[in-house]
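In what follows, chain A forms one complex with chain B and a second complex with chain C.
Presenting the complex of A and B:
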């Protein structure tokens, strides 16, 4: 919790420093950006609940050979792995994210209504599926490659920049974050349903589709990898 | 023969040159160890490129939305070109000054491996600083330079106002490395008092990004924040060297800025030595044996004398190449999660 709070505090300081110099960031106000940041913590928290098992997957399951045990059981291997332990730090992020959204929302005078509340879990889960899909795909690469570290850390570092409204970035970056590495869908597009005005509502509603698609691609990579798996034999 | 009650052992001394040679050995070994793990720094180059690129686009957007007619297109005293140089140098500097002393030390304390360090005839603080220097030599050649080779052509690094500042910046980053190592050592010592220090280590890492000025230059903040950070040692880790490059160093003069860093390096070393001598009395090793040295600096020398016996010479104090630190510091340690801050 300490680390989560410190991280939040630093983020708030940086945002307030930036907005003490400019009134709006390409049309986005401090409160809007803050709301998007708060929303981004929800899928991140959900993802962190299960992602501890993906991190270190190749070491624990492939190199140590634990995956043999998983395959012997009559339950989906991925479900077994994701649920084998929970990163309880994710709960902190859910709480803090909710608090930041409530604070920014009240400053914006936002009235999200019943539909908004009903939509929130759907959007958060869909966005979490984007995370899970991307990192599942990257984790699955360890079925092909011996390298233990791989590409996951640099990709993870992109997250911190995808919490800003993507419209502030150049068209190329926007394109990359929307279609190639779809991290714009974990914070900005879904959160824009609440703070972006009418033109963003339809885009935001595509989030479940993107989440499903990303997770689908990740899962497909995973199953292909599982078929390729050969035990270390130790 | 000096009368009755002569000491059983002659006083053991290593001598100056042998001591220097001993710690140089740790510098060398740390460099070689990093060399063995060099593959993992390839993805690190990508990570740092992501950091620089993200901040580049972010600050470009911030500068593009600054109010009309803002004086001379500056925000917080920096033009956009200077801001980009600030971003590049902050992250490149971080790739150079970074080390894991806090993680390594706290890991050794909680696993009990610190016992092995305590019976060696050396000072753990100096040894860890030496290892940080060796690591930094590796980082400079095979991490920071590759990052610069990728990042500078992509985003463009404005030259400093005077060519001599290249050299002074480099010197300043060397001092920054020592300051950072001493801060990490102090944080690592906390493991003697706290049962679980990993949260503190993580929180410190996040806080450092802000307090050293890597995330945003302090000139973006109101005056009172600048006053506070000016009194803290953290600005010496990144903000001071970067501002020296930009020709906008804090303080009266270039010499003043460097002296400030040197003073922090020295002050924190002394503080670290004092804190270590206190903390080491707190160590509770597996099985509940509590370490009680008779003299503050005792544990190392006394135990070593006992271990080496009376015939111990300066050559006998050479570290073996497979010392536990050289294995543990980067291959093991606290789990970092997905973030690659730790590279």
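Presenting the complex of A and C:
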């Protein structure tokens, strides 16, 4: 829990270190980037409440064969897996994210209005669905591969890029983060609407659709994997 | 799930293949495996067909790796078969899993269904919620199970503190809390001592009589089968070798017997073989006072063998032993082909 807080603090320090050297990143000010960072912690926090169950999945459920027990019960298998334990670190991220957004927002003199405020939970949940969909899909691959591929940690590292405005990256990286590994939608696109102006509205409002689609693809991979489940020897 | 007259479980041409990668050796082999894995297909269950009527208790037996567990896992909906059909009261286990699992209970002897750190009664409460058992039904069923299994003494202990015998009693109770019509047991007595085994068997007899539960059970312990099941299905290399009642099994094999001979003076077994020359009798390699002759009663009468032995040697004692059910089954595994059975 403290390790989690320390790592969040370090990330904030890095952010202010970068901006002590430069005025802005391609037109994005420190406060704007800070707000985006704060927003990014909301879906991450939501996702981290359940993500612990996905990281150990292959080990515990496939290799050990515990998935048998899950399939014997009349409750959706994914729901059983995701609810089997909760990562309390996610709560830290939610609180800190809210605080950072409030701080950055007040420095920007931001007024997000009632509608903006009401949409915040929807956008955060949609963005969390992007995370869940991506990592669910990766987790489901363990139904096909006996050996752990270890794709999740490198993909998890890509999340860091998603906290910066994607406009600072090359067009290729932008394309990848938008359509292939859609992490641009977990922070920048929805948050840009609040701090970047009207031009981002249409993209931001696509977030629920992207979240739904990503989760849908992840879930489809999962259900196909469940059908392939081979259990263990005895 | 209720339809009297027609079988409760109908299995037709059930097959399940496994694809196994054969690893190459060494670091270099590991790299090659990554690029071009060697895969081969193994058939664990091969065109298995059988029916089980409602209320039947059927033993499903076979050697290690014969395909017992794989069959059970397909019947419980855990595994999807490669081909073939399973119909349980109109439901397909792996397709209608959410609905189907409400009607079945399962105990896998090697694996717990309970929550390791929770008290037994907490696990039961969770299962009550998961299976949406009404409070009144839950209390009645738990009372009945407690009466039969004597759970009271450890109901409030965490599962990890229980002995294997206690845990198995809890597993059985957990599998039956929602009063399923159909119960699957995979090695329910594995690792249990004689007393615990006996209490599990008594319980299963009671539950079938009082609740009419249909039971399909796999086991290595033929004692389970002899005491519980009138009908047995023997499987080997994924195929059904025998499906019928236990005593019928004896009539279908050669009816082999073993004649145990105790002599006054030690002689080599060749001397005894000479005495029964011309008869289809095999003497086991032995020397000294004790000898054993194996023959089939279908080929030669016991009296004929005994007469020859008694005439040739000074015999102290004789005993004619029929094969136990275990030996018969072992013989079937060895031959591995029911086609030879008359």
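We adopt the following convention: the second predicted complex is superposed on the first by the 230 of 234 C-alpha atoms of A that agree within 3 Å, B and C clash if a C-alpha of one lies under 4 Å from a C-alpha of the other, contacts with A are read in each partner's own complex, and residues count from 1 in each chain.
Rule of thumb we're sticking to: contacts are C-beta pairs under 8 Å (C-beta built on N, C-alpha and C of every residue); 3 or more make two chains touch, one makes a residue touch a chain.
Here the structure is a predicted model, which is why all the values come from computation and not from measurement.
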Will chain C clash with chain B on chain A after the two structures are superposed, or do they fit?
fit
Which holds for A:98: it touches chain B only (first), chain C only (second), both, or neither?
neither
More chain A residues touched by chain B or by chain C?
B
Taking the C-alpha centre of chain A as the vertex, compute the angle to the C-alpha centres of chain B and chain C, in steps of 10 degrees.
80
So, A:230: does it touch chain B (first), chain C (second), both, or neither?
second
Could you look at A:71 and tell me whether it touches chain B, chain C, both or neither (first, second, both, neither)?
second
Go through the superposed model and pick first if A:169 touches only chain B, second if only chain C, both, or neither.
first
With both complexes overlaid on chain A, does A:212 touch chain B (first), chain C (second), both or neither?
neither
After fitting on chain A, the minimum C-alpha spacing between chain B and chain C in angstrom comes out at 8
Which residues, counting only chain A, touch chain B once they are in their complex?
1-3, 6-7, 10, 13-14, 17-18, 20-27, 51-52, 55-56, 135, 147, 149-154, 156-158, 160-161, 164, 168-170, 173
Touching residues on chain A, where the partner in the complex is chain C:
65-69, 71-76, 146, 227-231, 233-234
Can you tell me which positions in chain B touch chain A when the two form their complex?
39-40, 43-44, 46-47, 49-51, 54-55, 57-58, 60-62, 64-67, 75-76, 199-200, 202-203, 206-207, 209-210, 215-216, 220-222, 335, 337-340, 343
In the complex, chain C touches chain A at residues 18, 21, 64-65, 69, 73, 76-80, 94, 97-99, 101-102, 104, 106, 108, 110-111, 113, 130-131
